[in-house]
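The first chain written gets the first letter, and so on, giving A, B, C and D; residue counts start at 1 in each chain.
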Amino acid sequence: MSGNTFGNLFAVTNFGESHGPAIGCVIDGCPPGMALAATDIQPDLDRRRPGTSRHVTQRQEADQVEILSGVYEGRTTGTPICLLIRNTDQRSKDYSEIAQTFRPGHADYAYLQKYGLRDPRGGGRSSARMTAPMVAAGAVAKKWLRQAHGTEFRGCMQQLGDIPIPFEGWEYVPRNPFFAPVADVSHLEAYMDALRKSGDSCGARIRVMASGVPAGLGEPLFDKLDADIAFAMMGINAVKGVEIGSGFGVVTQRGSVHGDSLTPEGFATNHAGGVLGGISTGQDLEVSIAIKPTSSIITPRDTIDIQGQPTQVITKGRHDPCVGIRAAPIAEAMLALVVMEHALRQRAQNADVQPPLAAIPGARP
Amino acid sequence: MSGNTFGNLFAVTNFGESHGPAIGCVIDGCPPGMALAATDIQPDLDRRRPGTSRHVTQRQEADQVEILSGVYEGRTTGTPICLLIRNTDQRSKDYSEIAQTFRPGHADYAYLQKYGLRDPRGGGRSSARMTAPMVAAGAVAKKWLRQAHGTEFRGCMQQLGDIPIPFEGWEYVPRNPFFAPVADVSHLEAYMDALRKSGDSCGARIRVMASGVPAGLGEPLFDKLDADIAFAMMGINAVKGVEIGSGFGVVTQRGSVHGDSLTPEGFATNHAGGVLGGISTGQDLEVSIAIKPTSSIITPRDTIDIQGQPTQVITKGRHDPCVGIRAAPIAEAMLALVVMEHALRQRAQNADVQPPLAAIPGARP
Amino acid sequence: MSGNTFGNLFAVTNFGESHGPAIGCVIDGCPPGMALAATDIQPDLDRRRPGTSRHVTQRQEADQVEILSGVYEGRTTGTPICLLIRNTDQRSKDYSEIAQTFRPGHADYAYLQKYGLRDPRGGGRSSARMTAPMVAAGAVAKKWLRQAHGTEFRGCMQQLGDIPIPFEGWEYVPRNPFFAPVADVSHLEAYMDALRKSGDSCGARIRVMASGVPAGLGEPLFDKLDADIAFAMMGINAVKGVEIGSGFGVVTQRGSVHGDSLTPEGFATNHAGGVLGGISTGQDLEVSIAIKPTSSIITPRDTIDIQGQPTQVITKGRHDPCVGIRAAPIAEAMLALVVMEHALRQRAQNADVQPPLAAIPGARP
Amino acid sequence: MSGNTFGNLFAVTNFGESHGPAIGCVIDGCPPGMALAATDIQPDLDRRRPGTSRHVTQRQEADQVEILSGVYEGRTTGTPICLLIRNTDQRSKDYSEIAQTFRPGHADYAYLQKYGLRDPRGGGRSSARMTAPMVAAGAVAKKWLRQAHGTEFRGCMQQLGDIPIPFEGWEYVPRNPFFAPVADVSHLEAYMDALRKSGDSCGARIRVMASGVPAGLGEPLFDKLDADIAFAMMGINAVKGVEIGSGFGVVTQRGSVHGDSLTPEGFATNHAGGVLGGISTGQDLEVSIAIKPTSSIITPRDTIDIQGQPTQVITKGRHDPCVGIRAAPIAEAMLALVVMEHALRQRAQNADVQPPLAAIPGARP
C-alpha cells in the first residue's frame, strides 16, 4: 500500500500526468544479465497506443520508450530501470471548461476532495494514459518470465457493450482493432460507429490469461496470487469487477462440479482459474474483468460546478468511447507484474523446496 | 506484498493453523487513547463462530479473544495489539487419510508444490479458521472508524447456491443463521438440509457495504481504494469474484446511465459503488463477492495420491457445506481494514487539505 | 519503515510490554522444512535473560518460549511462526511514582508527547525487555544461516564504562557474566560493584561479528547491507553509535591504507568490515556499537513533573546498572536478522547469477 | 528494505548510473498544494555539485534539475514528482582498464559477485553521483518541513583527515569549499593540496543537525527515529560510522551525567542528540558520520584481476580525493527525508493526540 508503486521485489513506480512533459516508470528488482532494449518494450506499447483506429481516441502519441538507466551493453545490471515516454500531443486548452465542473462517473470530484486541487488537463493523473508505463513495465516482466518459465500472457475482448464475443481463436486477436478473438468484426465496427454517433460510451468485458505459470506461486493468507491479481486488475482505470476462473459462476456450482479433478495426466478442468488457496496450481491463470463506460461523453449530464451549483456538462476533446478496446495489453501487463513478483518471491523463500510429487500439467480450458 | 500482513499504517499480521495451539494477530498502528476491551471484539467473533447452527461446521470453538499487549488501563497505547484465540476443539485424527491425497478444489496440492510439505490437520494454514483473527482485527478498525467518522459496515447474503435472496431489510440479517436480509428463511433451511443430505456443497454471493466513508480515501494509481478492496476480498478463503458498485453490470451500461449525477443534495445514484478514480466519493461503498462451494465433501471425487497414482477421495470430518453462510462478518472486517488503512493514510498526506467545495452527501442505493 | 516489524522477506513483528501478560513475535517468511523446536531458541534467550548475576537486574524471568504456529511435526511449514514468552515477575506497584514525572535520559517524556498517554510499568513498550523476542527471532535466523551458509554470529564486550577490554579469545566470552573476551574479569566485577554502590550507571561498547557471510548480500543504494546493520543496531535500546569495520577510525586513514588489498588467497585486511558499496564481500562482518548508561538510577536528578513543575526524580525498582552487559546476544540476533533478510533477497533477484570469478576468502581480522 | 526506494509515506525512488544518459528520482507522497519549482531544488544541488573547487573532482556537471511530473500551475498535486538530471560530462573511455580489475576499498568486487556483471563507467550505480537525486529529494522535504514546522537542517565538516575543525559558527560554512565552520581554511587547503600531490585520499567527519523538529516523531521499536537516521546516513556512499548525540562518548559517561535534565524552560543539555526511546524530544537532532577515504587513487595498490590473478591497480580519471568535502548537503538531505517520513507518519497515527503537557523547548548544544 505505497501509492504509486506496484510490487515489492519487482517494484514498478509509475509517474506522470496526461498533459505533463513525460510519463514513465522505474523498475526496481529486475534480475541482472537479461538482454533488454527498447525494441523489447515497444511492441506492447504499440498495441496499447491511441489513434490507431477510428474506434479509439484520436490523440496521436508515438509512445516511444527511452531506457534511461539499468541497462549496460544491452543487458540489465540489476539496478533500477527508468523508462521514459515523452508526451507529444497534448491539447490542454480543450479542458478549460471541465476545470469548473465535475463529470458524472469521473474522478474529478474525488480528486478535488482528496487533494484540494486537481490538474484538469486530460484528467491529469487519473487519465488512462498512465497505463502506458504499466504496459512498458509489463513487457520487461513478460520477457523475463518467458525465458525463465516459458510463461505467456494473452488477452482478448469477451463482450463489447451489449454484444457477447464468442472465442474462435487467439490468432484473430491481433487482426482487428478490438482484440476480438473472432474472424469477422463488422458487427463490432457497426456497433461502435452507432455509439460514437449517439455521443455515448459503452463498457466491455476482457479476458486475460497466462499459461506456463509454475505451481507454487502466491502466499497463503493475504498476498494470495489471486488477491494480487484482483488488486492489479482493479488498479487499471475503469475496472469495476474481477473474476478468477469460474468467477461469479461459482455461486451456483456444486462442490462436486467446481473442484477440478486431478489425474496423472493433469487437471481435468480449470474452474479454479489456476489458483487454489491463493497459490498457483500450474493450470492456466484465467481472469475476467469488467470495464465501465467512459465518463467523458458529449451527451449532456446533470452535475454541479465547483461552487456547488447545479449545471450540465458536455465533455468535448478526444476520448475513447470504450476504453475496454485498448485494455487487453494493459491487463496482460498487470498480470505479468503479479506473476513476476511472485516468481521472485518464490525463489526467496522456497528456492530449496523439492516437492515429493512432480508437478502435473495444468488443464487448458 | 508481505505475505501474512495486511496493511501498512494499520498493519495486521495473522498467524496460526486450524489445529495448532492458537491463532491470532498483531495489530500495529492503532491510534492511541481509544477505549478497547475484549468485549469490543467478541461480538463480531461470535457472529463468525462455528457450531452455531446445523448449517455450518459442528466444530465447537468458543473463540474467546485475549488481548496480550497494546492496551493499558483500558485504552490503546499506540503500540502493537496482540490478539490471541486458543484452539480448543481440534480433532486431528480425522485428517490422517487426507494427508495421502489431494482434494479437488482444495489448496492441498498447491501447498505441497510450494512448500514441499504441508500440515493436513484441518487444512492447516489454508483453513477458513484463519478468518477469525481477521474478524478480531476488523472489530478494532470498526470501532475507531465509528468514533472518528461514523462509518458503519454491514454485510448480508445475496444468493445461496441457486436461490437469489431479495433485499427486504438489514434488520432481518441478525435474525437468521444465513445473514439473509429476509423475514422468512425456511426455503434456505430446506435447501441446506437437502444439500447436506446429498453430501455436496454450494456457493454463495455476499454483499458488504460501508456507509459514512469520508470522501478522498484511496490512492490514484495502484493503491486505489477499490483495488485494495478487491485485494482484501480475494484474500478471504474461497472468494473467486469481486464487484464494486454495478460490477459486471457496467459492461452493458451506457456512459450516460452509469455516471452518477451530482446534485447539491448529493449523488443521484450509486453505480460507482462509492469509488471514482480509485478514491472514495462519500457514497456508500458497495461490494459484492462470489464464494465457491467447499471442496471438503463426502461425494467421492477423482484425484491422485502423493505418489501420483489415480485414486478417489471422500472428505469426512466437520466442514461447512457452504462457507458463504459465515462470510458476511469476515467481509465486513476486511472492508473495515481497508477503510482504516486509507483513513490513516489520508491524514498522513492530506491532513491540511481544504477542498474549495464541501463534500456532498453520498446517495444510498 | 513499518513500526514494529523488522524485515520484509524474513519479517519479524514484535509485540508486548514489560509488565503486560506476554511478549513475543511473529516471524513471517521462514523457509519451510527446517527442523525447529523451542530448544533451538532457548539457549540464546538464556544468554540474554535477566537475574543471572548480581551485575544485572534482579527481575526473575524464565523467558520460556512457546511456539504457537508455523511448525508441524518438528519442521517449519513456511507459514508464520508465533513465539510467545509469558511475563511472570512483574512488580508494577514499583512504578506508581514514576508515572508522575520524567526520568532524564528515559523515553518517558517522548512517549507522552507522541501518544498522549503511556504505560509506566517497567517502561512499558520502551523497556529493554522487548529485546527478548528479538533474540528469539534471531535464533531462528541463525539456525537457517548456519545450515545454508555456515554463517556464525558472535558478540563480546569491548569496553565497560572507563575500562577497555582487550580481545584475548572468543572462548572466554561464555565464561563470565560480562561477555568479556578475557580470562580474568575480577576488575570488571569490582568496577560494577562500586558503580552499583554509587547508585549510578555506565555505558559500554559491544563488538558483534559474523563469519561465513556469502559475498553479494545487500542492495546498492539505500538498503545497503551496512545501512540495514546500522538500522538494526540503532533499533536496540540505548544504542547511540554504530561502526562498520574501521568505523570512525577511517577519518584519519589514507585511501592507500584503508582499501583492503585483494589477493588470490583472499582479502589481506578487513578495514571494510565486510561491506563495500553496501554489498558483502565475504569478509567477516565487523560491527561495533555504543550503549548509553541506564537512565533509571537512584542518584537524584533534576526534572519536571507532568504538570511541568520542577522536581527531582530517583528511580527505584529493579534495573540494569549497565544494559550493555546483556547486549551481546541481542546485537548478534539483530545482525542475524539483517543477514537473513538479505540472504533471502539475494535468492529472489540473483539466484541465477554466475560471477565470472569464484569468491575469494574473506580476511579474518 | 526495498532496494532503491527510501521511505514509505514520503517514498523516494532513485535511479541512474554515473555515465548513463540521466539520473533522477521519483518522490511519492509529497503533500499537495505546496509551491514547488526547480529553483527550490537547484541551490542544494549547486552546493553538492562537482567541479566547483580544485579540491573536488573536476567533472563538470551543471546538475540542472527538470520537474517531469507532480506539479501543476506551480503547486504540488499530491501525485508523484519525477526529478530528472541529465548527465553531460561522462568520459567513459577513462574506465576501460578498471573493468579488468578490482580497486581495493571499492564496490567493484562486491558488485561482480552480486550481479555477475557490472557497469565500470565511473563506478556505475555505486558512484557518489547517485547522491545528487538524494539532495534534490531532500530539498523538497526541507521546504515542506520548514513551512510546516520551522525545521532547519545544517551540516558542516568536523574533521578533515588528521585535522580536527573546531566549531566557530554556521555563518562560515558557505564561505569555503570545505563546509568548514571556521573563518580561516588555509590549513585545510594546504592539507588537500599536499594530499592530491601524494596521489592519495583521506577521510572526514561530518556533523549534520536539525532544529525545529517536533517532539513525538519516531516509532518505538524498530523504526526508531535514530534507527532510521543511522540507516539513512549509512546509505550514503563511503559512510562507515554514525553517532547520535554523544555517540561513542556515551561509553564512558555515567547515567547521572548522560541523562539530559528537564526544566520548565527546556532541556538543560543535549547528550541525547534529540532522540529518547527512538522518539524525538524537540531537542536538536545531532548526528555525526565518518566518511572513508576514496578508493580511486593513483597510488598503486595490490589486487587481483577478473581472472583471479595478482596485479596492481592505479585509478586514473577524475575523482574526489576526499568525498567528505561535498558530503554535508547530502547528509542534510538524507536527514530531511527521515524527518519528513516520520512527520507524515506521526499525522497518520497520532493526529488527534493532545499530550497533557505542552512540549518544552529543546536545548541547543
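As a convention for this text, contacts are C-beta pairs under 8 Å (C-beta built on N, C-alpha and C of every residue); 3 or more make two chains touch, one makes a residue touch a chain.
Values in this document were obtained by computation on a predicted structure and should not be read as measured data.
Looking at B-D and A-D, the interface holding more C-beta pairs in contact is that of A-D.
Chain centres were defined as the mean of their Cα atoms; on that basis the chain farthest from chain B turns out to be D.
Inter-chain spacing, taken between the CA centroids of chain A and chain B, is 26 Å.
Once the centre of each chain is set as its mean CA position, chain B and chain D turn out to be 45 Å apart. We define each chain's centre as the mean of its Cα atoms; on that basis chain A and chain D are separated by 38 Å. Contact of a single residue of chain D with at least two other chains is seen at positions 2-5, 8-9, 14, 29, 32-33, 78-79, 114-116, 125, 220, 345, 350, 353.
Put simply, chain A touches chain C in their complex at residues 8-9, 29, 31-33, 78-79, 220, 344-345, 347-353.
Against chain A, the residues of chain D that register as touching in their complex are 2-5, 8, 11, 13-17, 20-24, 26, 28-29, 32-33, 66, 68-70, 72, 75, 77-82, 114-119, 121, 124-125.
Those residues of chain B lying in contact with chain A across their complex are 1-9, 14, 102-116, 125-126, 130, 159, 161-162, 200-205, 215-224, 226-235, 237, 240-256, 258-264, 268, 271-273, 275-282, 290-295, 297, 299, 301-304, 306-310, 341, 345-346, 350, 353-360.
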